[in-house]
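For clarity, chains are labelled A, B, C and D in written order, and residue numbers in each chain start from 1.
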Amino acid sequence: MMKKFFYRVVLFIIFTFLILPMLSMLIWSFFSNWRAIDILPSSFTFAGFNYFFASKDWYIGIKSTIFSMEVALIATIISIMVSRFLISTNIKNKNTLESIFYLPMLLPVISVCLGSHKLFLQSPISSTFALLILHIYFSLPYAFKMTYSYYSIWGVEEELTARGLGASFWQAFRYINLPIYIQGYIGSFIMAFIISYSQYFINLFIGNHNNINFSMIMTPYIANSNRNIAAVYTLMYIFYGVVVMMLTSLMGKNIARKKSLS
Amino acid sequence: MKKKKLLSLVLVFTLMISMVVFAGCENRAKQNQTVTLYGWGGDERVNAWIDNELGKYVKENYNITLKRVPMNIDEVLLKLTDEKSSAKSGSIDVIWINGENFYYAKKNNLLHGPFLNTLENAKKYYDLEGASATTDFGYATGGYEAPWGTAQFIFNYDSEKVKAIPTNAESLKEYVINNPGRFTYPKSSDFSGSAFIRTVLYDIVGYDKLKNLDPSYDTVKKVITPALEYLKALEPYLWKDGQVYPSDSAQLDSLYQDGEIDITMAYTANKALSMVKGKNWPSTTKTAVWEKGTPFNTHYLAISAIAPNVEGALKVINAALSPAMQISKANLDGWADLPSIKYEKLSQEEQGNLDKTLTPAKEYAPSILNYEELSKHQKPELKSDLVVIIEKIWEDVILFDK
Amino acid sequence: MSKIELKDIDFSIGENKILKDINVTIENGEFFSILGPSGVGKTTIFKIITGALLPIRGSIFVDGNIINDVPIEKRNIVMVHQSKLLFPHMNALENVEFGLKMRKVTKEKIREKVNSLTEFFNMEEHMGKYPHQLSGGQQQLVALMRAIAVDPKVLLLDEPFTGLDNNLKNYVKAYIMKIQKKFCITTVMITHEKEDAFSMSDTIAFLFEGTVALVDKTGNLNRKTGINSIDEYLGEITTLEDGRIIFSDRIIEI
Amino acid sequence: MISNIKKKRIQGILLILPALSIIAIVTLFVIINTFIESLGYIPELSFNSFTLKYYVDLFTDVVFLKSLYFSFKVALISAIVATILGVYTGYYVSKWSDNFTSLLYKMPILLSYVAAAVLIYNTYSDKGLLYHIISTLGISEVKVNLVYTDSGLGVILLNIFKGLPFVAFCVAPIFMKADETYSFVAQNLGCTRFQYIIKILLPLAKRSIVTSFLIIFNFNMFTYEGFYYLGPSNPISIGVYAYKTYLSPDLSNRIYGMAINMIMIMISIILCFLYYKMVKGHREGEII
């Protein structure tokens, strides 16, 4: 019993640690001052929200979530392709190949941006497309990691069984693979989305004025001294992200609905 | 099953439509004239002014869509350097710049120009022979940038806690020793931190001794040694025993806001007003300068050497220099940036408007210094290469104890 | 109801040779067992027959036609996996219907077919349940139903008794025998249990280290085969006059 | 018969081609370009020589070496703590079906590092939210001294704040699915709960845990935001050092930036290689 209590306490501390900063964000979005000597924050204000909605920044936010969703969708599809390839072949250098897909996670973003900028400038592709490629470059490994860990534990046996029963490749994928793996795919999608959504330096450095994203407008505010504005932007940033995450989860649930009914 | 299909259909459609819409936006933007303005985007008042005032003005007068891209100046230069080396057209039109960044940008041919003398408003309303139009941090601008506004380094303090604000190095030392842990300044890599160090230098070494110094590490170090010793002596009495310096003025402001320190500093003369007004800072906050003067500089607008829309960029800069914009920029309820326009060249009515915008509302008047008081304590900036060397020396001596 | 031939099948993963020179002929309607210790590539043979894996060398014939290039879903060879692999998100009924739906069989025919199967397997009350609500034996029966529903040319059973206790095993076993009789499906079973192989099959193939050591009618295996590895594996066997076989430790009936 | 194998091979190539081409082209170009520039060859800026001088300069610079060591230390500590606590949290989270809590713990992942750094500052700085809470509880004379310390505690807090949910997020689904599959079997075999976690769940999630660990370690090592906002002024971290160097308006500093980049890339590749070795060695025991 004592032991159980101890575990609970540790868990409680962890969650408190994670939630307190969120709480501080909430407080600062509505207040502009909280001095050391005060017990409660003072100066309730909507100034931050007013500014956020008065400027066009809410629209930029929506634009960048949509862009990141596109990136995440592509990254998820590509990562499914790669996972399927890796799981169904037995080539000699499979592990090397797998490691290559993790490389972008380990390379510093700034190094890659600085290095690849030259490449993109020399090639005929537009900066928006270059941006898309780099976003995929960074989010793919995360999506792949999620998808592949699902595949490597549960394989594609069920799908093969379905095909043995006469389902074509696409039928097997749609009726068997998708419902069973949907949680994993949703996970990859969300992970890829998060990575793409929080990219700041890529858009700054590779993109042009059409590619301003939420992180890019948020970061200068955060780095400046007006905590109210900073908190509002962070809050809205999270809000947009959470909406996307909830929508995708909902969709995943919908696809796996039958499974959850059981 | 049906619901699922519907959902996925809806998703695909939204994605496709959004792609089309955004592509459409881009096209439309191209037909319309678009000018991009790259610059620091950390202050909502500045951003709001650019979007709502300047943006509106150029839209109405020149049918130009102004796109503000928030980006730190050093990042802008890095991007520009890369883009310049390729054959493609760049993405940057107007750059908000000054000081060492301008110096290096011009040296590396990253800027378009000279253009200042071709601007209608510049000829009409500015003193083109004057210091702010011709020199930026000690080096000639050569007409490659247009003076947009001016700034002065000031101290903000809580008058309730600091009864007598130190206005020279000696009194600051006294204050710091009497109030250990209640004062600090940002690292030299920060704009304000660097300006504070120069303020100390002006006080201890003197501007005249510094201005024509040979920009070599050892010479400079020798000359500024007394000031370095002074700063070293302050260190043990600073916030956190001088173990840590805030990374930038925003962190310093945070400390002030939390009440951990009683004096903060900024390179924006009217900052206290907006902070008091927004209730971020205590209403007892006041502004001060040092007896022997604090650095003051001009910030400029320049055009990228590979700007896709030079013509539009010139129009935007011309608009930014116009009396109307200069006056609205100075508005204490808005950005509250000091104008760079020549007061005497304005019409009577415009002068009146400018005076009006520069006069604070009664309740906030005590928090800032009036323009006269400020201008009495202005000292020009040092040459930008000297500034870089001083920053480096501070790091080596104070931070890393080399 | 077909005849399968495997000719010169080789398979390897990297350097590792899994199967070498597999040559087997399985007659129409026969119950054929592949017997051997675990880890000698028995399941790999099945995967090659179904088309999940492609052989490095060799050909597979069904009724004399080579099927190497026929995709999995067109082969009409169904494998019942040792871990059943029922689709977790479908209930038993949907699992059984799956193959028929994929073949675009009309609804009435599906119902008819499934009803007769349900009746045959006595599973009426369980068809609405999801796989995890079924017992191991029931799962196995559903897997069998699912396989038979599509009228496969060949039924492959991969260790069908894994995880079942003796009672259930006999229960499932009886059904398998019954199906085989009733539908006359060519059936191939993989097993490492000698008794099962002997008691159920017409013909047994011994697989050791990736090669077929011996193929023979069950009836002929009543003495030492003369091949050391097999004799060692089987131990003492004697066939009694009434057809029962005595292994070293127990008697089983054929 | 050959055609079938060929077809499968072509299918395979088509499956990995998009991903592989993006990753391989960008990575290779970045590495080669960084390497060449780090040797002092940037013709656009009229640096035309090839020399190792910049590396020599860096490796004889005490500040650089110190920053390398400091970053390594902080990154290692925070990655270890974050991984352990993350797995711990992931285990509990995997058992909850409560949507709200499972969303709540994911929020830090969503934040960018800068935003997270500022939130951590607002919460755990000397006069932050924690201070207010403690002092409201009536404990006077509290001293919260977490950020800006020489030990880099503030940065460690940030890295844990970002890393812990990430690890939990990566392992939770595996735990959940494994629990569905093996929990019953294991109990059948007489495992205690603890044995079950150690013997079944952890090995199943091992790969995921190790990769997450490496990712956050590597990320922590090179990130600059954490150290910039919450770290001590001296020693600085390698990320801050690099960032300062690239962004110096004096363009000749860029070569140093590239050299630091190259060093960081080398470290990353070594880590990747280690990971590869580890995966290779453990392959056989894996349940697939």
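The rule is simple: contacts are C-beta pairs under 8 Å (C-beta built on N, C-alpha and C of every residue); 3 or more make two chains touch, one makes a residue touch a chain.
This is a predicted model, so every value here is computed, not measured.
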Reference subunit C; chain at largest CA-centroid distance: B
Innermost chain, where centres are averages of C-alpha coordinates: A
Contact-richer chain pair (by C-beta pairs counted) among A-C and A-B: A-B
Distance between chain centroids, defined by C-alpha means - subunit A, subunit C (Å): 46
Mean-CA-position distance for subunit D and subunit C (Å): 49
Centre-to-centre distance between subunit B and subunit A (centres being mean Cα positions), rounded to whole Å: 34
Centroid spacing, where centroids are CA-atom means, of subunit A and subunit D in whole angstrom: 15
Where subunit D touches two or more other chains at once, by residue number: 127-128, 246
Sequence positions of subunit B contacting 2 or more other chains: 72, 75, 78, 85, 254, 258-260
Where subunit A touches two or more other chains, by residue: 34, 36, 114, 118, 219, 223, 227
In the complex with subunit B, residue positions of subunit A that touch it: 32-37, 42-43, 45, 47, 51, 54-56, 63, 66, 69-70, 73, 114, 117-118, 121-122, 127-128, 204-205, 207-210, 212, 216-217, 219-221, 223-229, 251, 254-255, 257
Contact footprint of subunit D on subunit B as seen in their complex: 72, 74-75, 77-78, 81, 84-85, 100-101, 103-105, 108, 187, 189, 240, 243-245, 247, 251, 254, 258-260, 388, 399-401
Touching residues (chain side subunit A, partner subunit D) in the complex: 10-11, 14-15, 17-25, 27-28, 34, 36, 39, 78-79, 81-82, 84-86, 88-89, 95-108, 110-112, 114-116, 118-119, 133-134, 136-137, 140, 144-146, 149-150, 152-155, 183-184, 187, 191, 194, 197-198, 200, 215, 218-219, 222-223, 227, 230-231, 234, 237-238, 241-242, 245-246, 249
Subunit D - residues contacting subunit B, complex: 44-45, 62-63, 121, 125-128, 148-150, 228-229, 232-234, 244, 246-251, 254
Residues of subunit B that touch subunit A when the two form their complex: 3-4, 7-8, 11, 14-15, 18-19, 22, 25-26, 29, 34, 36, 40-44, 47-48, 51, 67, 69-72, 75, 78-79, 82-83, 85-86, 88, 91, 248-250, 253-254, 257-260, 278-282
